[in-house]
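Chain IDs A, B, C and D follow the sequence of writing; residue 1 opens each chain.
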Amino acid sequence: MSKISTGHFSIEDLENVQITIGKIVGAIEKKVEEEGDMGPTPKPGVSGLRDWDHQVLSRYQPVYTPMCDQCCYCTFGKCDLGGNKEGACGINLGAHQSREFLLRVITGAAAHSGHGRHLLHYLIERYGRDHPLDLGPSNLLAPNVQMVTGIKPKTLGDLEEAIEYVEEQLTQLLATVHMGQEGAAIDFESKAMHGGMLDHVGMEISDLAQVSCLGMPKSDPDAPLAEIGMGCIDAAKPVLLVIGHNVAGVANMIDYMHENNLSDKIELGGLCCTAIDMIRYQMDKGGKPYAKVVGTLAKELKMIRSGIPDVIVVDEQCVRADVLEEAKRLSIPVITTNEKIMYGLRNRSKDKADAIIEDLASGKEAGALILDLDLVGEVAPRLALKVAPIRKEKGIKALPSDEELTALAAKCVHCGACELVCPNNLGIMDAMKACAEGDLTKFEILHDHCVACGRCDQDCPKDIPVLDVIEKASQKVISQEKGIVRSGRGQISDPEIRQEGVNLVMGTTPGIIALVGCSNYPEGTKDLYRLAEEMLKRNYIMVTSGCSAMDLGMYKDEEGKTLYERYPAKFLGGNLINVGSCVSNSHISGTAIKVAAIFAQRNITGNYEEIADYIMNRIGAVGVAWGAYSQKAVAIGTGCNRLGIPVVVGPHGSKYRRALIGKPYEEEHWKLYDARNGETLPIPASPEFMLTTVETVEELMPMLAKNCIRPSDNNMGRMIKLTHYIELSQKYLGQMPDDWHRFVRTETDLPLAKREELLKILEKEHGWEIDWKRKKIISGPTMKSDVSAQPTNLKRLCKGEC
Amino acid sequence: MSKISTGHFSIEDLENVQITIGKIVGAIEKKVEEEGDMGPTPKPGVSGLRDWDHQVLSRYQPVYTPMCDQCCYCTFGKCDLGGNKEGACGINLGAHQSREFLLRVITGAAAHSGHGRHLLHYLIERYGRDHPLDLGPSNLLAPNVQMVTGIKPKTLGDLEEAIEYVEEQLTQLLATVHMGQEGAAIDFESKAMHGGMLDHVGMEISDLAQVSCLGMPKSDPDAPLAEIGMGCIDAAKPVLLVIGHNVAGVANMIDYMHENNLSDKIELGGLCCTAIDMIRYQMDKGGKPYAKVVGTLAKELKMIRSGIPDVIVVDEQCVRADVLEEAKRLSIPVITTNEKIMYGLRNRSKDKADAIIEDLASGKEAGALILDLDLVGEVAPRLALKVAPIRKEKGIKALPSDEELTALAAKCVHCGACELVCPNNLGIMDAMKACAEGDLTKFEILHDHCVACGRCDQDCPKDIPVLDVIEKASQKVISQEKGIVRSGRGQISDPEIRQEGVNLVMGTTPGIIALVGCSNYPEGTKDLYRLAEEMLKRNYIMVTSGCSAMDLGMYKDEEGKTLYERYPAKFLGGNLINVGSCVSNSHISGTAIKVAAIFAQRNITGNYEEIADYIMNRIGAVGVAWGAYSQKAVAIGTGCNRLGIPVVVGPHGSKYRRALIGKPYEEEHWKLYDARNGETLPIPASPEFMLTTVETVEELMPMLAKNCIRPSDNNMGRMIKLTHYIELSQKYLGQMPDDWHRFVRTETDLPLAKREELLKILEKEHGWEIDWKRKKIISGPTMKSDVSAQPTNLKRLCKGEC
Amino acid sequence: MVDATKNTLVYTTWGRKTAKPVNPNVAAKMVSKAKRPLLVAGAEIVDNEQLAQRAVAIGKKGVQIAATGHSITVFHGKDVNAKYINIHALAHYLGDKNWKGFDGQGSYDMIVFLGHKKYYLDQVLSGFKNFSDLKTIAIERHFMQNATLSFGNLKPEVHVEALDEFIENL
Amino acid sequence: MVDATKNTLVYTTWGRKTAKPVNPNVAAKMVSKAKRPLLVAGAEIVDNEQLAQRAVAIGKKGVQIAATGHSITVFHGKDVNAKYINIHALAHYLGDKNWKGFDGQGSYDMIVFLGHKKYYLDQVLSGFKNFSDLKTIAIERHFMQNATLSFGNLKPEVHVEALDEFIENL
């Protein structure tokens, strides 16, 4: 035994050994315990953090907005649950909605974790289990993994145990979606929280693996800039378009093109997170990304319909289901590269590249499934080179001509069917009228609001290809769609946390706004830009990722500069940080965990509840998923919620079926313990929600400022936060907020420039007593200002309790 | 190293050891490979068996019957997909239906696998990883596990790797349910097949673990008989009612009662599969089960509403969501014992038994969550003893009195609302009329058809508690509901397979009918009995499980004997085998695999496709889930389908959204290869479906006989099968089947007694040439009779192909 | 004349497309005009003499009958064109342009339903509605919302009357 | 008089319960009769002068206004009783018997909606419909199927006319 007790060992060498594998977990836990830092909940089961959830949910109550009053899960149904009735299994609409919400959360978590598992398999095969995690200047490599599972991964192989835990728990949660399981909404909610937490673990595993193996920027504030926009694609070259979320395949294409000197002969463009990750690939030493980002999911159909791509390669997640059908019409061969999307195509994984290229280039087959990613790396670029001249020769016609455009618009009878089916009920009729008269401006504006879903095409009684009309009419603005996006920089490093942590906890940096996720915006993409610019100017830390990170790069100021060019990417107030793709969202929660670990020296290992409690009360961070549409977005949001980070989604987010909203008017919910002595501590009603929807960015901005307020703010911090809350309310709502005074504990909390004015209001409108000589508040506030107070939800953390 | 290379070792003892865990898999595979019997697909991924699926699906095409024309998965929607339109993500209704179907399958698979994982955790903790799998006289312990994963488990611990594989794959499948993944219906179908296969692995793990640890009958044809029925519960004693699917908790109660001499002082009754498994508990040495089975899910609400239970303990799966609410009304405390069902109750797992009992008996709390199953074992019986006299004293009133019954019935205005909302549109109005006039017979009949879902209660404008009326009016028949069910015997043993295999493959035993699953019958429970009796008399092997196994025991012949008393439980024609609970369904697929392994000596290890091909062409088995309602049922069915076993569900099964039905009129689909030479082999159109729905048992019975026909039947076998097909058609449809002649290859295939008559018909109606002297067919049949033919779908298995 | 269109109450919805309520005479006219109508008679007619008679009567008008479940037992010796078939299989074949029908003369263009379980027929019709161009008419006692045309929810006696009117107008 | 009830076309259904189409005068009468009506005005009125004027006019009739989104900017200096609130939070509070309203006088019994995104209001109303007894009236340009009462789908100019008639009858 002594021989192996201190070294590596590989079980491959053994024969006839019966090994009790599972105990390894126990051994690891034991080891960590000996080191004295294992918290109470490593690898929590479904009920492991339920008390915490119930506590959160008692302040932030579920508000259900069903998408359907019926349930069709089992064949006793379908059942009408309208009016919160019970169905055949005894479930009522409330519990069913929480179940539906849970299902969406675990679907999203599975998408990320499934992605992570795929990457891990692939990268371990390529780089080995012992390949070290390499993430930049950080000792705390995997904050989510460590906090949730108690594992401190150092290598790729270490991540496997964590993903196994995620898979086990997701299976448990999926089981509860079955008819006849949970009966109480509150416990479906707790399960949804569990799923959200797992999502962040799954995402973290994905990104750690790819950052470590694929040369992506490692906590790099100077991660390079890349071109973005439909307008930046050079259609003169053969165009190879990749769509999806999994960079493994495109990385091989880039390598192949590089090795074969094809990089300047092929235009490589990407849509969705694969695009984001391909501009991170091998950029850890800097350089200029070779590939270009086309844009978000909302550009997929427009890009295909343009006819510009010569070959399309898809991998997984957020890929339109009709890619093959749409591409076929324009003679664009499609290569699918992942088991999640196979489109019924023949599996060519074991065929020779030449044969596949021949079949696809000749049009004999519309596409191919190639699961061997080395083969994909070769086939896709070679196919693009071969197909481009063939398509050119054929004269593939995509969008209508100018004459056809006018004729199509004139064909419109203004019945309104398209507007009824449009997810945003856009004013297509008016734009058609104008277009028929030669005025394209309405369509040009509409184009930015349009998510290119194509539902209008399906319902036009005159068979007008409405989306083609929109795209054709907007060619001028599309050709100008050229922006700049910073390549995703990955995690926030330990030194950055050390530097900025105190400002965040004390409130002197007014807050972190995480602008994340998808492209289902209520009023087009520019709102994002307005929001980010406003908050950046006010010194908030803006963190971004995924589709939002892309769309933010599409706008320029008068000097022609994008936000990425104007604002640096350090973890400091007034910085704009693109962490990366969808799975990089784990770095946002990870940052909050790191603040607790590094700045506050809290033990995070298997210590979820305490860390969530810390974050909820001390870190003024709000997530914004303005265009959230996917199940992944709601999983991410729910993971943030369990960790005490509130999230706002755009109005479409109401279709996630439930929000978590507190009642500021119920005082009993706005109390904590002071850990120093266990006394009750009244707190401000902020965050006042965990998940809510908001109508417009004008409404959103003051709300963000307000919901960055935390009990732990020092006076300087509270003053700064209040200043922004009041100013943003005045700027966008035209008024002082109704509730600003509720956040005032002492006169030093008041914005300096307005102190006197505000004191007057407090006296006059709210009846507070003011000592005008000393300009001090004598009575009025319900809360004391006490920086050394230790706000906590957890009785057990109070002195004398343990 | 030498020290551990031949023994057990426990990693707990080690320190500072870095172990590359994952490689163990490789090592095991390598080891098996060295032994030379690893098939081509151990642990197949999502695409691993896709070619097989596509082959199956090309003959048996998906037929979609949507439950809803809309999709509300993501917030781009909801989308109207009516008329097979595309939604905002580009998916059409067909693909969405296959996705919905997939979701149901993986939900069911997760329920079983989640159950298995829970049991495994619990039993390993109790019995250790090294606890051997002990399943009776079998060497082939885990046919599904071995065939799918390549693992040959010997101990509890060995099952962990298999369940991890299932969890990983389920996560991958759940990921594909996310918006923007698979776009083709055919590949969602393949994924659903994958999920179905995983389900059987998950079920097998569950049952192997519990059979091995909890003293359940081990392949025992003489497994004891137990009482069943609402009428057999002795309400004079304190009644402890358990509901659900996971026996772990109730096993402890039985132990506690035994140890404390309480067994004759408490009436222990069970509903659903927990009931089935509790009468298996410690019955491996025979004996009489102490506990009684109340019945299926369809009895849950009726049993609670009777007011008879004094304490209810629930675990997981198929438990009505309103148990707590319903029980509360009748002062019945509820104990939840599983993370999947927590009902919002306070977690008392770490409290003292006394305190919990006090709080629940006093009514201070309506229930408790107790996850410590030892504690449950003590609390539940003690609570029943304490609560029963309290409830008696309180005079808890449950069902209406006789007078109230008449008054309630008289209150009915015959508006028909209840009939509209009733899942079976039962004739409640007429029964109410009769009841008001003192005639209860209509309700007595209706009671058996009623699944006690309670939807009628929800919609009565006169607030009549319709279900209570049904139950009260049926008290007389309910009190007579006393039957006998055989305790689940577990697997079919190797020796049994050896004995019966040849008859099955040659067709001389006409077939296996597996009568499985839930209680959502179209016309009440008696149809099951009629079906089973008919097929048993005809020497079919009847295998049963779960709710069907229970309901089968409710009917008696003139001599007062149930089918279980009349028919033995060996694996032989004319035997009635209850394998056990829901997870025991894996033994049905396992039996088919065992026939391939033991009788035909096929290698099953990691060799899925070949085994499925073998089963599909040689084993005349048909699954019937007549009352299928749950997601588990469709998972089980789909797992059977991938393995080549056709399944029939009752008419409610149309709500699973898709069937798989072949077209007998398209000749090109009914061809195989002859493995001896690769030649094409025309085959009969049987099975003619993989999944279909049937209206009535009268329609079902001839269909079953027909679909037991297989290409491999010898003449004797074909003759026997045809005889039953013709006889059943005549008996239940009043006619010769239209297509009987299609199954005739030679005159010796014809039923002996009718040979001449049938030859005449063949000559006259079908134009076949008959040599009347020799009574031989000269021409006509499209198929040859050749017992030594080797029918296969797999080109690669043909001679000269490999 | 029976007004068979009044009560179209449903318990649940499938989507925005719902059957048009139809009166017996109109339904009959449409069937009469069809080139190849088919009556699909379900097992609910077996123990319902009233319905059984009407199903036979429709058959007597020359309409081919697909007898599903075990409804074929009703048609033996009644001199109508009835063939047993499983309804789910029938639905599959009806959606197939290559199916030649019961008589080899091709598929059907107007499908009439009588004698089915409500929930089951709703599902079968959901398939037709979404994946075929077939016209379907439910002359059932319940409003079948996934048909092209359907009677409303009728009392049994009104239903029989409606059927008689339907048959008269064939 | 405007007939605001004609076109009630929807793109998708939520279930079997759907808004009753209502005409402006009837809607106005119901609001007038209510004890504590509330107008919830959404951000779509901000850039629509026509709607903004009507929202103000309703406020002038003494109806409390909940200004959601940034619609409050329309009401400043207009001498109406308008308070900013987030609509999702408002929906939560309205379902709470303990909420005292904007003026501390208690909750509201009749909720009128104007100026909202169709899909968003559909969701908010879905919550009300299923989890509260509140009466909701949508006086929007689109048929809001989850309201208790709603105008049908109207052309912009007809909508304005309908609003004027509604205001007249308040």
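Everything that follows uses one rule, which is that contacts are C-beta pairs under 8 Å (C-beta built on N, C-alpha and C of every residue); 3 or more make two chains touch, one makes a residue touch a chain.
Keep in mind that what you see is a predicted model, and the values were worked out from it rather than measured.
Note on interfaces A-D and B-D: more C-beta pairs are in contact across A-D.
Farthest from chain A, judged by the mean position of CA atoms in each chain, is C. Averaging Cα coordinates per chain places chain C and chain D 45 Å apart. Centroids of chain A and chain D (each the mean of its C-alpha atoms) stand 33 Å apart. One simple way to say how far apart two chains are is to compare their mean CA positions; for chain B and chain D this gives 51 Å. We define each chain's centre as the mean of its Cα atoms; on that basis chain A and chain B are separated by 40 Å.
In chain A, the residues that reach two or more other chains under the touch definition are 67-68, 70, 77-80, 421, 423, 652, 655. Chain contacts: chain C has residues 10-13, 15-16 touching two or more partner chains.
Those residues of chain A lying in contact with chain C across their complex are 70, 77-80.
Interface of chain C with chain B (complex): residues 9-11, 14-17, 42-43, 68-70, 72-73, 76, 83-84, 86-89, 91-93, 95-96, 98-100, 116-120, 123-124, 126-127, 129-131, 142, 153. On chain D, the positions that touch chain C within their shared complex are 10-13, 15-16.
Against chain D, in their complex, chain A makes its touches with residues 61, 63-70, 80-84, 93-94, 416, 420-421, 423-425, 522, 651-652, 654-655, 659, 661, 663, 665-666, 688-689, 692-696, 698-699, 703, 732-735, 737-738.
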